[in-house]
């Protein structure tokens, strides 16, 4: 398939960049309206262009590409700024621009009163730029630009309220952990350069597909795959690099919605899907991906149960949902993964925005134990969030149901273990989501009012929510609008996958990537089985809902008792299995102490400098000794001369005799 | 040549004598041309002695100094005159050739600069100018003769002239015990060493039956007869004597004390002039007379001098003393050249003496100006903040120190460079390495002075007297020469290598070409 | 035979004088023993047929120079020298050095110098022939010695003369 | 003359660029001690030099063959020393880097130098000439001269205008370099003694054609002679300890030029002479040199991670970054070499910028201790922004200049020796760690010390000094081809020499 | 009957050695100076002896010159000694050590 030129592509990333630049340079003095206008216009324009392209997209002429400029060249190896659009990137494009645009709108309301409003908006635009570059890249290096760029954006946005140490630390943590992932990514790139002498997708993939599949052996492709997975794990918060995502909740909620739910964190999934060809030729890598995904899904979900911070719950649920997606990719169901990615973008974005609206409503409080009964105060938020919860819990016919079901079905095709853990995860998910709903909106009394006074409004940095004391309140329409739209999408979004339309649409991208389960229409042969499994998963979700209802609405005192019962285990879960502490003890501390004591004070000052100074002192000391040759006594001098003369004579006599 | 020596040897048998009685005529006029600079210098010296009593003590300095200066300049001019009459004179006593002309110019120039830098000093120190300048001039006569004499006895006498005048000069700060002590040490050890030298000459005479350089080299290497052991011993003793004069280890012990005690300008003079002359003699004896088996002597002595000099200098706090040690180190560098192939080595050594003279004289000129009355301010601490108090002086001093370190576009660099390349060309890698390491070490103590001048706050009490014209001129000359040797070393080196070739290949009279070069010089 | 006896006698005298110079603690005695050395050396010169030198040796050396020494000793009325322990180097390093060096040289002279013996009066060191050399072949050195002497005089004058009074003042304040 | 003779300037342009600053410095001598005039004059001169130097890349023929803008006049007949200058795609950028940084140095030291202003700017300009000379001279003697000549002004700048243990630092700096360069001198003299020439091209030719007697035996020692000199300058791992001291005590301008250009003299020397003259030896010794470079990268990063002093931290980061350069050079791959040169430039800009920023802070608070700051982003947001940009540039964020070089170097190293490449790649993690941590501690959180609340944000002059850095960092990252197109052929030529 | 040359040389050598020894062990400056004279005398003897051996009168002429030099040295040397005595009031060489290290 020869790519066809598409002159519009370059505009999509560049527009937000322009917005970012304008706001960044001139926003400081500009009025809030102007800032919002710029941000929205440029982001919206990008969305519009994306839509335009989508409308005129024809699978026949795809993929499209657009060479923007040469970038770097050394010897025979060269990389250019080139954009590339096929079905996969189209999906991503729409998700990113669409959800992104909505969240921009939402942010106008949410951040309006913040001092750094212009900063925030320009950061958001900047993020859009990098994310779109990532999505539209035609080669791995340009993708890497976006890859690192979104990292930067998230660093800036997480640390947006930089006066808060925790926020600053979280930002740094995110960046560094991402860097660890990028390290793997880089090595993968070097391997590609070494073996394919190019980083261009088409060039690489054509070469790869010529290579034999490394079923038994572990070869270059496996290595590349694994390394790419390291990168993906970093970006998409998979085990063992997921630790940054929960902390990232320090950022403003729209950020959490946009970056840490809808778009950026899914970059890893996108990248794996993009590299499907490579993975297809490296089954071992695939398996690893699947396992990591499964484990993460389960693991994160369990942590989610015990969290009380509304955003933390959502964060862990994000991690676990991402696990789902990787499971999908791991079992070869790339399109299913992408499908879930899309739906997840809808409902998880919605969840976060709604949570944001809640937090906004109660004046910056995030602890669910201080909420409750909010459905009376903010019905819209309640309704939309409810929809989202149904969606994520996988209750048909909401979007989540379709994608999750697809994944589970495929996972079962790969191995029942995946499927089982997937189902368990689904159960836990629906449990903690409904738990969240009940704790936040359920009950009849609002528990926050008392705490309000003592608590101020949370050290949340944006103290400018002047209102919102005492009475919780519904958010303005500029915020509710996006909620509604997303809710709509969460309802209907799933139907695009009906009858595998979505899968067929993406098929050209993953052709050659014939999953472990055959691509043949599933309703034919294993239809009964599929319906059976479907039933199981749905019922499990229902079970979770019921349990939550039981514990957090019927007998509220029960959870405490259970927690007490579980004791250590419960504490472990509350404290996220002490993973952060573990890392601190294992890596951070040794590094710091080692560098300080051994390297700096030890080697640098203790050995090298000491050696230098000592030799200097030695010279000085020797000099001081030798000085005493100059005793000042004439006869001694004569002695030296005489002795020297004797030696000279002796030598010369010997010479003469010889 | 060969014929000549035999004739020389025989001329003392009785019939020879009788023959000469008939043919004995006064030396031809050209011979006088060949010692013209010496004549001029001695004439001016006497002139000074005559004029001195006529002037009163207070303002005699200026006029006498001027006379002395004119004398040196005249001598310089007459050197170029002399250069037109290459060849031997006074029955093989002296030979005018590129080599001797080179050292004549060098030594006389040194004397001139020394005189210039003494002007102010004498006034401040209340030193009797008449004897001072007279001694300098007569001493210069001795040095000149050392460079041109090809007869050991004449060399010995010339050596004594230069030495004795320096002994006395060293004692000129009469009120200071240190000065007279340095004079005494210099004198006693000096004559001690001279005795060794003389014994060496005697044995050399015994070994070869002659004291004429050419005759000796001929006698030592004529036919296939092995060189007698006596000659070896003789060389050893001569080396002891001259090694002392050039202050090379282990015969260097006198230098620091003497330099510290002696008047600064005199130190400037005696660390360059007599040293250069002594090196010239050493070259004649070792290279031209082709003395046997001295290689390892030089090697070890060079290594020792470099190392001892540099290491000892590290902790010195008296600038004069520090420079004394540095001069020992530089003697070591110079000796490296002696160890190299004769021709390369000689030219390198000649260049080095010139460069070293320029920079060291300059350094001492600065020191002697800065030392002030009674040489109170000669410790390192006194130099603190000099860069702020008198920038120009500090800058020039820095320049000289840079040259001593061996930074490019200073004479010091090329001097070191030629020695190094001579050593490497003759595959003396070991020695070259020692040299390199030493000059790295050496950088440190020169740097200490610079650091003092620029990076330390000045101490109040040290006065800064304005730089008088004469001293300024002296310093300027040194700067220019050092710079010249650093930027355009070509001519000097060409000349040096040419005369070195003559010296080594030992063709009696120099060719016309070298003479023309000499004139250009 | 007779010559040999003379040689040995005066040689012994020489060495005796030299050794005495070393052992005597009073400068005067040392000076006198030095005179002894010089005198006997003159005799040795005669044995070698250097009549003129023998004469000069007595007149200049034993006469003028030694007198100068004696005068100085008197002038500074130098007493017996005290045996201070100023220098270990001289005794530990120098003396052995001298002995080694001396022995080596002596050995060389005795064994390695393949030199015959000296016939008496082999050549007449008579004033005439010496003069011939001095004023002809060695004319230049001879003249140069005048410069040497000039310097010596000047030096002696400068150093021996008392520092002028102004200097004293300077010394006090300096 | 080079074929690129499209206008009359070419024969003399190099000399102009090289000596304009020195001439300016001498002119300053004549200006009366009115500081303002002196500063302005220095600024004008340095800008003039910069403009003049821009002529070089503009008219540089980017083809493979040899040096451009050559001028070759006999200077000294014996020894056969030529005034031989010329540049290729590698040195041209280093020249421009020098002329680019110097005006900024003038700006940045506008108010920080209070006494002996005249001397300061004279020294600065002389230093600039010496630095340019190092990169333009093709005659070994000339090179050595300039190489040594950089020493004195730099040492004086540190010793006279530095703070703290400035003398110790100055002397240490001087001696380290001096001792190193002595060995180079010995090697140069050997080459001269055997070839009778100092001309780089000629010697290279003679060596290549095996016309140098006794070269085989000596080549290793010659290689080491040069290597030691440059290794001290770079600095390569065990010889680096002079750097932190020198940096911490040096005045801002000194640090900027030290990090920005002086260190590059070392790497440039390695590339031009060690690789250019002794290819076989370079190959034979590549492994352990790369190993040292690797140690330097990781070691420098880890040590700077724990530095309590901002400047020391940056200094050690330089050790780490320069490690990349050496790694790239001795990987002997096109990517590696290109990357090495590019890192030189990028590091020059970024680290230069960091030192300028640190200096700006020092002007206000007279301390470099990170602990004395914190929360600075609140009182001085503009400053914080510039700082962030510079930090990101040296962290190696794509689209900023740090990334290009590091990426190329690493890929080159990886192709040559995968393990080295991988280990070196951890550098990208470390740099993020120490720089971002430092940034967090300095700028984020609440303002810890009251004084810092009052700190004024960037003045116009400071902005004028910082904008060029930021722009350069961005442009170099987005359009590296401008540079690479010149560098690539040059290193191609170099690697051809290596290749045989 | 002739006397072997080496006897003379040996004698001169002994004298020279005595001179050196004297320089090393004597404390009185004047005596030290005397031992220098002793050395010179030793040298003279060998000059004369060699002159005889080579039938070269020049050897004797050298001795003549050496004497002159010795005389000059004596004059200067004693003057210096006097000067030192003036400033230090001692003739013991071990106490003349202001300048050291």
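Quick notes on this structure:
By written order: A, B, C, D and E. Residues from 1 in each chain.
We take it that a residue touches a chain if its C-beta (ideal position, glycine included) is under 8 Å from a C-beta of that chain, and two chains touch if they have at least 3 such contacts.
Since the model is a prediction, treat every value here as computed from it, not as a measurement.
Under the contact definition, chain A and chain D share the contacting chains B. Where touching is counted per the definition, the chains common to chain B and chain D are A. Minimum number of contact steps separating chain A from chain E: 1. Taking the mean of each chain's C-alpha atoms as its centre, the chain lying closest to the overall protein C-alpha centroid is D.
With centres defined by CA atoms alone, the chain at the far end from chain D is C. For the interfaces A-B and A-C, the C-beta contact count is higher for A-B. When chain centres are set by their Cα atoms, the one at the greatest distance from chain B is A.
The distance from the centre of chain C to the centre of chain E, with each centre set as the mean of the Cα atoms, comes to 4 Å.
Centre-to-centre, using mean CA coordinates, chain B is 25 Å away from chain E. With centres set at the average Cα position, the gap from chain B to chain C is 28 Å. For this pair, chain C with chain D, the centres built from the Cα atoms lie 70 Å apart.
Residue positions of chain B with contacts to 2 or more other chains are 12, 153, 157, 160, 164, 167-168, 171, 174-175, 180, 183-185, 188, 192, 206, 228-230, 233, 256-257. Counting partner chains per residue, chain A has residues 627, 630-636, 638-640, 642-645, 649, 653, 656-657 touching two or more of them. Residues of chain D in contact with two or more other chains: none.
Touching chain pairs in this entry, ordered by label, are A-B, A-C, A-D, A-E, B-C, B-D, B-E, C-E. Every residue of chain D that touches chain A in the complex is listed here, in rising order: 172, 238, 240-241, 299, 302-303, 305-307, 333-335, 338-339, 375, 377-378, 392, 397-399, 403-404, 407-408, 410-411, 414-415, 418, 421-422, 425-426, 428-429, 432-433, 436-437, 440, 443-446, 478-481, 484-485, 488, 492. Of all residues in chain A, only 627-628, 630-635, 638-639, 642 touch chain E in the complex they form.
Residue ranges of chain D in contact with chain B, taken from their complex: 76-79, 116, 141, 144-145, 148-149, 151-152, 156, 159-160, 166-167, 170-171, 174-175, 178-179, 182-183, 185-186, 189-190, 192-193.
Chain E contributes residues 20, 23-25, 27, 32, 93-94, 96-101 to its touches with chain A in the complex. Across the complex, chain B is touched by residues 104-105, 108-109, 112-115, 123, 129, 132-133, 136-141, 144-145, 147-148, 150-152, 154-155, 157-159, 163-164, 166-168, 170-171, 174 of chain C.
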